[in-house]
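This is the structure, below, for whatever I ask next.
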Amino acid sequence: MKNTFGTSVAVTLFGESHGAMIGAVLDGMAPGVEVDEDFIARQLTLRRPYGAISTGRVEPDRFEIVSGVFEGRTTGTPLTILIPNTDTRSRDYAPLRALARPGHADYTAWAKYHGFADYRGGGHFSGRLTLPIVAAGVVAKKMIGYKVSAELVEVGGVSREDALASYREEALPDGGIEEKDTPGASEIWKDVLDEAIREKDSVGGIVECRVTNVPAGLGEPFFDSVESLISHAIFAIPGVRGIEFGDGFRAAAMKGSEHNDPFDTADSSGLKLHSSVHPSKNGAGGVNGGITNGNPIVFRTAFKPTSSIGKAQETFNFATGEICTLQIPGRHDACIALRTPVIVEAMTAIVLADLTRML
Amino acid sequence: MKNTFGTSVAVTLFGESHGAMIGAVLDGMAPGVEVDEDFIARQLTLRRPYGAISTGRVEPDRFEIVSGVFEGRTTGTPLTILIPNTDTRSRDYAPLRALARPGHADYTAWAKYHGFADYRGGGHFSGRLTLPIVAAGVVAKKMIGYKVSAELVEVGGVSREDALASYREEALPDGGIEEKDTPGASEIWKDVLDEAIREKDSVGGIVECRVTNVPAGLGEPFFDSVESLISHAIFAIPGVRGIEFGDGFRAAAMKGSEHNDPFDTADSSGLKLHSSVHPSKNGAGGVNGGITNGNPIVFRTAFKPTSSIGKAQETFNFATGEICTLQIPGRHDACIALRTPVIVEAMTAIVLADLTRML
Amino acid sequence: MKNTFGTSVAVTLFGESHGAMIGAVLDGMAPGVEVDEDFIARQLTLRRPYGAISTGRVEPDRFEIVSGVFEGRTTGTPLTILIPNTDTRSRDYAPLRALARPGHADYTAWAKYHGFADYRGGGHFSGRLTLPIVAAGVVAKKMIGYKVSAELVEVGGVSREDALASYREEALPDGGIEEKDTPGASEIWKDVLDEAIREKDSVGGIVECRVTNVPAGLGEPFFDSVESLISHAIFAIPGVRGIEFGDGFRAAAMKGSEHNDPFDTADSSGLKLHSSVHPSKNGAGGVNGGITNGNPIVFRTAFKPTSSIGKAQETFNFATGEICTLQIPGRHDACIALRTPVIVEAMTAIVLADLTRML
Amino acid sequence: MKNTFGTSVAVTLFGESHGAMIGAVLDGMAPGVEVDEDFIARQLTLRRPYGAISTGRVEPDRFEIVSGVFEGRTTGTPLTILIPNTDTRSRDYAPLRALARPGHADYTAWAKYHGFADYRGGGHFSGRLTLPIVAAGVVAKKMIGYKVSAELVEVGGVSREDALASYREEALPDGGIEEKDTPGASEIWKDVLDEAIREKDSVGGIVECRVTNVPAGLGEPFFDSVESLISHAIFAIPGVRGIEFGDGFRAAAMKGSEHNDPFDTADSSGLKLHSSVHPSKNGAGGVNGGITNGNPIVFRTAFKPTSSIGKAQETFNFATGEICTLQIPGRHDACIALRTPVIVEAMTAIVLADLTRML
């Protein structure tokens, strides 16, 4: 199926970074779901790079829904989101045509498409293609009604707790804590990010996603397990290196008596549950045997550091067949992970919409 | 698609632990691939639990290929593998009918199938269903010709290196190292496993899989990325908690200059490559932009500790609606992770067979 | 997907005529549907050839359901039906290995599978593979609850009405009509069939299928239209040459005012309707814009005459590359169409089960 | 999958008649296929209604390819075609909102989408959605290289031969036959069409499609048979009532000795063959056992008369729940079948592109 994903609710992705536009078709929506275009627009801004001028590209991220919505609600027919590419300074990319940027898909695209792919700005492989996913995710989230919420828990190897402690110390040198502050990730990890920019380098990060108010019974035993479908969708986001559910990799070092979740009927755990029976600790991340158990679905996603950096790198030139040194000009996005929580939420919402309508 | 996975090469899984038989249909095989039934039989034994008597169930794991093979080779039509369930002492499970064993799918199966599922021995959720996957994987591996090889790198929190050092110290108290020794996982981590058995508890582990001799160009940009498809298949294996490719979660704490792979044309890395151009370090695990880059595909999978343990656990009784204490009788498999490398290989081979035939 | 069909309810088909067994996996069933094995056995006998000895093969058509059913009801997990091949006199087919029987798939199988296919008795292309479809169809029918009913309306170019008139005249030479008689197709068209047998030839037929008590709203606008899915499934039955819905090919010669269905709210049409609003004439065969309109779904399927005949035919020898004359030994099934109404019903029920669970 | 069709080459359809635009995504194209936008534009004009003013809507049918094409060739990534709706006089349709036009999908859309669908001009069910299919088909045709050619063989019950004879008699009253003349369908059947217009009525027609130069070996034994996939796609075209391959419904009245195709190695049949071995008569329409046999694929499609007619019709009003009389204002397209050969070709080319890339 290549660029279409899903069974009952399916999303098809298309477009190149420097083509006329990019977009997605979201098929299988329930009819009658409210579509709030203002909210979509605000969600799209959350995907903006750290420091608006950092990537040297300022797109307004205008979008248009050209089908599947009528009088403000989904019709039930395919919903198509288009996002025009307006700031496509293609001339910048011509010298890069024959160069495989390390960490990018330039070389693999060349191997796969025999040199016919649009190479400008990453072409079809551009992270911009996650924009229509974010828009589609907003609609999917509205349909399912579960709360899907992702946030950064680590940037550049520094945990949220540590970064927050430093941030508050700096912001309030007298030691007072201003509880009302809800600083953004770029503020919390400002030191880490600024250092990366100074060094013409980049950093990665880890995003945690929690889905609450999910009913028990979604998902299938093996191939369409909740983890299978979510990981499938999450690895479609550029830059993902790993995913883990519940106790994740730590579970491999736990005893069974430690990792197993005794069942409980009280909601003393503070978890927002759909029914009163549930595993008590949620080490399984809300899923047993591929099927939701009523606990929140919890998973973490590791994002690599941005591939485009200012430092000189060795690479390969397709035209000459030689190894050469590449210094990517301009300023770069210091940390793509900052832009990803809203994408993780969108992918998750689309998968859950599919599972919800998949009998 | 529920219990069918794949596009050009697809596998369908069926059966319950205590039904007449379990099996799989492997569709889309190239015709003319040799099928070595003796080798399949040997691969199936690798899935045996640690300590043959440990689970109290000794199945000979006989299998029969009833379609899709003619005169020792695949025909190109659906290949069906059947594995009869011979040692199905169903009476053992009757008292468990209304009990949700912690860590198992009993509760979620009940929620999903409204009480109609076969509850005996985990029913359709049994780990036994990975047996036909192993058999199918052997055929898929033969078709693709790439080397797919998985091994345990950590058990009970102890790395292979540390366990091996202890093992050799104990085995050879005079400090000499017998290079010819290739001890099995159950020997290397014998201390860890024996402790778990003594404590009526269980341990988890981490499996690393490497695929070498893969051509560049397999996989798709987003939803059918190599990582998306492999993770989809791997999370179908019972007990998986996480997966990571290349540098994995560690990548999130690396700098871009550290994680990026400069390109190289020499094979000085010692990696077995398909073509002469390749990233030099393989931090991406053989995949850029969802597509193989000619480096080995490398990923790690975290397995939880066995859910069935001898220790008393709190649980829920469907019939009475009450929380009660459960002590699962008999001896249990101390570490399911030991049995999984051959399953991880099989799932990977099936995905790569699909990608290889997916134009 | 090759040998798997369906989205929410999917069927996978496997086996060869002279292998160990043939079978099907029916996935996506609702849990709790009663499975009546005696009724399935009776339905399978309806697929028997005209004159039990006619094809020289007497299979008891025993079947076994080895998964997905527990205590007489579907569990919701994949339901697997196996039918062993007991009367496989493979030696009969060896001389045919290199001969392309006209009308059969011998030549195309050779072209597709490069000579690796099991050639005995048609191999995977055998009409026997419709047996597990019939069994699966019984379960699907029970699940949906709509009445799916197919019957022959033409055999050997003679309509049911004409054949019935002749039959009654012969049976009751005094002109009296015995209303209680419900003769089978092989009695009604006995003259036509006997003549074909005498001439060592074969005849075709047309099957009409009606589905009543279907709700309005099943199906999708374009690619998953009711007609698209039903025709897809029906053309999977060996020997089908055409399908038409409602007025069918006759519609092409009608005026719009004649073919259009004015809407009606009364049930004066005698059609068994699901709701009170419906098109009055049903020229559309129960489907508008791909979606059921509450009228009965009505379609007709044309079956070709049996390909295997006793007469000498020209054909091609793969081994020698030469045209030669083939006379297929033994007696043959004079009319496969007689065996197909139960298969048409089964395929239709499976499609409707899928549409019913496809939100 | 609802609005996506295909496996290796897949098409996704979206849009409503009076929304901003309609379009299609064609995924899975081989990279490097030439895309001739002028030729696409000319093909789109073949879908124009009989008498440009007849439907009262004059769309220029401008289209834009916004992804998947670079420097005049396919890139291998999803190819997206957009066609803006410019002449959307939505006010015309408001009075029709609650009226189910006979033969249209108004009632079924209302039943399926619970009143949320865009009702204007048929919404998503509009025949306009075949426009992007035509454009996609041109690209698919170029990729496969087989000749796909469809033409009307019957309109309003009058065969092409009869209509052509009358046309030539009228055009050349002196009996001379002007061989150079290649009149269009609207000229050949002018009398039939003019009569329908005068009567404020409509007529149907039959389209025959032939695919030549197809290799043997495409297609699958059962569910993905060539006939299954082509019929699936053809029934997605609005207004189709039936499809038949080769001898079609006539085969049901033939003897086996008459319908069977003896094999031949000479090309004396005048058929353009891919290899020298082939069935001699092509009664099977180029397909045995679901797989191409090297003969041309031949099938016929029956189109119903246009549903929108000027005559008064009975119908149902959703708002009032009452039966009422509807007279659809304006002039109407007398025969949709005239516009369909190019759509039939496009659908067929897309299916064959899929089969060609489906290993």
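Residue numbering begins at 1 within each chain, and the chains themselves are lettered A, B, C and D in the order written.
Here, a contact is a pair of C-beta atoms (placed from the backbone, for glycine too) under 8 Å apart; a residue touches a chain by one contact, two chains touch by 3 or more.
Since we're looking at a predicted model, the values are computed, not measured.
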Shortest path length from chain B to chain D (each step joins two touching chains): 1
Between B-C and A-B, the pair joined by more C-beta contacts: A-B
Where chain A and chain C are represented by their mean Cα positions, the distance between them in whole Å: 48
Chain A-chain B separation of Cα centroids, rounded to whole Å: 27
Whole-Å gap separating chain B and chain C, where each centre is the average of the chain's CA atoms: 41
Per-residue multi-chain contacts in chain C, two or more chains: 1-4, 7, 13, 28, 77, 112, 124, 221, 358
Chain C residues touching chain D - in the complex, by the definition given at the top: 1-5, 7, 11, 13, 100, 102-105, 107-109, 111-112, 124-125, 129, 154, 156-157, 196, 199, 201-206, 216-217, 219-225, 227-229, 231-233, 235-236, 238, 240-249, 251-265, 277, 279-280, 284-285, 287-294, 302-309, 311, 313-316, 321, 323, 337, 358
Interfacial residue positions of chain D with respect to chain B in the complex: 7-8, 28, 30, 77, 221, 357-359
Chain A to chain D touching residues, read off their complex: 1-4, 7, 10, 12-16, 19-23, 25, 27-28, 31-32, 64, 66-68, 70, 73-80, 82, 112-114, 116-118, 123-124
